[in-house]
Amino acid sequence: MNKTLLCTVAALCLATSAANAEAITVLVEGGGHSLQQAAADAFTKETGIEVNFVEVPYQGVYDKLTAEIASGSSNYDVVTIDVVWNAAFASHVEDLSDLFTDAVKADIPPALVADANVGGKMMGMPAWANAEIVFYRKDLWEDPANQAAFKQQYGYDLAPPATWQQWRDMAKFFTKDGMFGTDVIGATSEEWMAEVLQAGSPGVILDADGKVILDNQAHIDALEFYRAPLCEDKSVPDNALEINWGEAQNLFYQGQTAMMKFWAHAYKMTPEDSKVAGKVGVAPMIGGSAGVAGIPGPWYNVIPSTSQHKDAARQFIAYQIAHNALGIEAPLGLAATNSAYASYMGKPGYEHFGPLLETLSAPATRGRPLNEHYQEIVDEAVMPAFQGALECEDNVASLLQDAAATARDILGQ
Amino acid sequence: MADRTPQDAGKLVINAVALLLVLSYALPYVYLVSTALKPAVDVQQIPPSFFPNRVSFENFGMVISTAGLPQAFMNSAIVAILTTLLSLLIAVPAAYVSALYRRRITVLFLLFALITRMVPAVSLGVPLFQILKSLGLLDTTIGLVLAHTSTAVPLALLLMAAFFEGMPKELEEAARIDGCSRFGAFWRIMLPLAPGGLAVTALFSFIASWNEFLFALLLTSENSKTAPIFIAEFNSVYGLAWGPMTAAAVLYSLPVILVTLILQRQIVGGLTFGAVKG
Amino acid sequence: MTERRFVLLMLLPAVLFLGFMVAYPVALLVYNSFFDVKLIDPASRVWVGLANYAEVLTSKRMLESAIRTLKYSAFALSFELLFGFGAALLFSAIAKHSHWHRTIFALPLMISPIVAGLLWRFLLVGNIGILNYGLAALGIIHDPGAIKWLSDTDIVIYSVAVADIWLTTSFVALVSYAGLMNIPKDLFEAARIDGASAIKRFWYVTLPMMRPVLAVVVIVRGIDALKTFDLIWIQTQGGPRQSSEVLSMNIYQRMVRYGDLGQASASATLFLVFMIALAGLAYWKIWRTDRG
């Protein structure tokens, strides 16, 4: 290869990037683009700094950012990342502590502030958040015949489920006429993790000090409860291990299930001509002995240490959180701040904001552990135990003890 | 063609069997097309129906109106065509000598070429990213062509070597006696006699690049984003747009059907080397 | 020009290109396998010698996935060869009129692999997928949830191979067909004049002439089958309970999801050595004709 030619090409590239000083490049997944476009437009109008979005599929965000950081220089000034990657990227991004003013902190649900803090560093600013809430068929719940029959059978009024017991009762009750009460998702374990918190565990998988608590009583209780509709009540499709988010959502839209726990954004996305359009009701996530709890699904704006335009990037992130409500008109309709949600509360079409905010702000709600081995622990330890439990044979406690041993092994405890 | 009746009857049976086989094999593809033609609400209907209850073009409408589609298709076409040409250019001469001038070095070379196909693509991604970055070729058509060619060359090499292997070496010797140089014998005599091998090799180099995902994901972002990435974006964390995704996949398969038809016509049998040899 | 120089000149472009584009990544792969190093931070690395290899070779999980990978590949490859070569023979019997047949047969190749993976997932999922509804309608199974293609740990590794078979039988068929067409007609004529039956002609003319092509098909498809992971990942993510996890999925998870470049590189290197051995074997056993 011709060395001089290489140098010329490289020099040309540097020259072009320097010429665009008043522009920042933001790496996003599709949803992150639509939720932030309005804020970016307003930001450009106000500051003159151009915001250029590079939209890639979900896995592309992680892969590209990793490759950029590994190669030592970056074309991206802001990257919007899924919270599950926070720990992995924490030591390769800028500290944003100065953007977390008291006013900003007071306006963001505490669980989201906590997820930004990796080892004392505020590594990102939430851009929007999501959590699972309860979706149910209003038409079925409001049907007087159902109400009377339910009251007679279970001794209390039919209302949206709020507790574990109510969830099981209603799932059983509505398993009739070719319909299932609800679904059990077996292809991913996140929904069970929310129930671990509802059962009063101080954390999911790990406690605040990073110790493995995968086999504590709350994890066991939650898994027993999680599999009960499948194994005992028969109130869900029996191929739970094949069911992932997409299948669960589709079963509900197709009128095959009477209720589901699902991410709040789906409320706005109910297909207009589907069987359940106009009949969907929402309620906060169910609660166990520790009350309502959810696992937040926020995305964070981070600045890679390799960015060439860190000041402009900082300005954009500060602007995005200050004008967080601008994203709500986008198809996904999500935000991160209390004030953004409050500004839409009570508007028709935004009935899910109340339950979502209540779930996000519930005292027992907290994020997944911010550990760089999190993904490995989930894949190697949690999933085998979780899916083993859903085969309805093995003892839950012993499955979780094995899983805990594997997790301790991974962490070297 | 044959003129005896039993043979005609046999041909008819073979034709029928072949048609049945081909059609049943195509069923999943037909289902994909039929899914794309369903109205959004029926796309994931339970219980499912094979054919649309009502034909609707809304999925196609949505795909076509998505910004970036023509660009992505164009990028894919350019990358696939350049990859095919470059792969053939690099692989065919090497395959020729590997097959007709076999010696230890060519055998070792073929094994070496295979190694490049054996490495898990995930392990190639980041080093390739670094190479292209240092050349300033990230997010360029040429960069992606280089990456795709690196995986297409081993396949092209092996396929072409196998086809040359099937050709009589005497043919080359005869050409040389008639005054051709070694290269002349390759270029003017042997290569024109392998249109089937060339067509198949070109077809698979083209398709491999056309559908490639992993390198395209890592090595392109805006300027040279190809259609597989564009299509994958219909599957976001917030839900799968299966209707539009199938519609995009069907649209994306149409140009390849054309390419396949054209190249398939090159695969004709009945070479009689005896005649050439004289 | 001497023969030697001609050979080298003809090889040169390929050697240079592969050397430039692939030798560096492969060398880096082997190099990384001796370090404790993170994907995201390759600058800071700790030499660990053969520790990564020791870890990989003593892992029960790796052994299980290796066995599963072999099962998967053997299953997929044998059906692909059977169907693909069978189809090629069928097409060659109707040679002149088969280009539409062959084009339709190539349709699976034209779908983006991601879409193909999802398509098969949706075809197979119980209670939702159309396959079980079809089987139920034909009376083969009693209800659409009866066979759990993707969640029955005993069959899932074969269920996910069906998509692979569907996608790549076309490759085998088209390459074999071109190989069949490449066989000089006069060989058949000579055999026919000598009074050889169709079966004998197949055995003594077709098969020997097809050896190189079949060898390439076996080697290429074998390597690809051993390497498959994205198709399986889309369908099951290796589950349930890791019962559809294959070796290259382990490597992918370790490298990308856990960022453990060192250990992933050690697995990949071992995998590579194993495949080189297999490919060498296939080359000597099938390809090598008596020429040269």
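The chains carry the letters A, B and C, assigned in the order they are written, with residues numbered from 1 in each.
Please note the rule applied: a residue touches a chain if its C-beta (ideal position, glycine included) is under 8 Å from a C-beta of that chain, and two chains touch if they have at least 3 such contacts.
This is a predicted model, so every value here is computed, not measured.
A.B. asks: Name, by label, each chain that touches both members of the pair chain A and chain B.
C.D. replies: Per touch definition, common to chain A and chain B: C.
A.B. asks: Taking contacts as defined above, which has more of them, A-C or B-C?
C.D. replies: B-C
A.B. asks: Between chain A and chain B, tell me the centre distance in angstrom, where each centre is the average of that chain's C-alpha atoms.
C.D. replies: That gives a centre separation of 39 Å.
A.B. asks: As a quick test, compute the distance in whole Å between the mean CA positions of chain A and chain C.
C.D. replies: 36
A.B. asks: How many angstrom between the C-alpha centroids of chain C and chain B?
C.D. replies: 15
A.B. asks: Two or more other chains touching the same residue: where does that happen in chain A?
C.D. replies: 63, 66, 70, 250-251
A.B. asks: Two or more other chains in contact with one residue: find those residues in chain B.
C.D. replies: 44, 46, 126, 232, 235, 240
A.B. asks: Among all residues of chain C, which ones touch two or more of the remaining chains?
C.D. replies: Where chain C meets two or more other chains at a single residue, that happens at 39, 127-128, 256.
A.B. asks: Residue numbers of chain B touching chain A in their complex, please.
C.D. replies: These residues of chain B touch chain A: 39-41, 44-46, 125-126, 129-130, 133-136, 138, 217-218, 221-222, 229, 232-233, 235-240.
A.B. asks: Contact residues on chain B for chain C in the complex?
C.D. replies: Contacts found on chain B: 11, 14-15, 17-19, 21-23, 25-26, 28-29, 31-32, 44, 46-50, 89-91, 93-94, 96-103, 105-107, 109-124, 126-128, 131, 146-147, 149-150, 153-155, 157-159, 161-163, 165-169, 181-183, 186, 194, 196-197, 199-200, 203-204, 207, 211, 213-214, 227-228, 231-232, 235, 240, 242, 245-246, 249, 252-253, 256-257, 260-261, 264-265, 267-274.
A.B. asks: Which bits of chain C are touching chain B when the two form their complex?
C.D. replies: That would be residues 1, 3, 6-7, 10-11, 13-15, 17-18, 21-22, 24-26, 28-29, 39, 87, 90-95, 97-99, 101-115, 118-120, 122-123, 127-130, 133-134, 144, 166, 169, 171, 174-175, 177-186, 209, 212-213, 215-216, 219-220, 223-224, 227, 229-230, 248, 251-252, 255-256, 264-265, 268, 271-272, 275-276, 279-280, 283, 287, 289, 291-292 of chain C.
A.B. asks: Inside the complex, what are the residues of chain A that reach chain C?
C.D. replies: Residues of chain A touching chain C: 1, 62-63, 66, 69-70, 72, 88-89, 92, 186-187, 237-242, 247, 250-251, 372-373, 375-376, 379-380, 383-384, 387-388, 390-391.
A.B. asks: Inside the complex, what are the residues of chain C that reach chain A?
C.D. replies: These residues of chain C touch chain A: 20, 39-43, 61, 125-128, 145, 148, 150-151, 236-237, 239-242, 253, 256-260.
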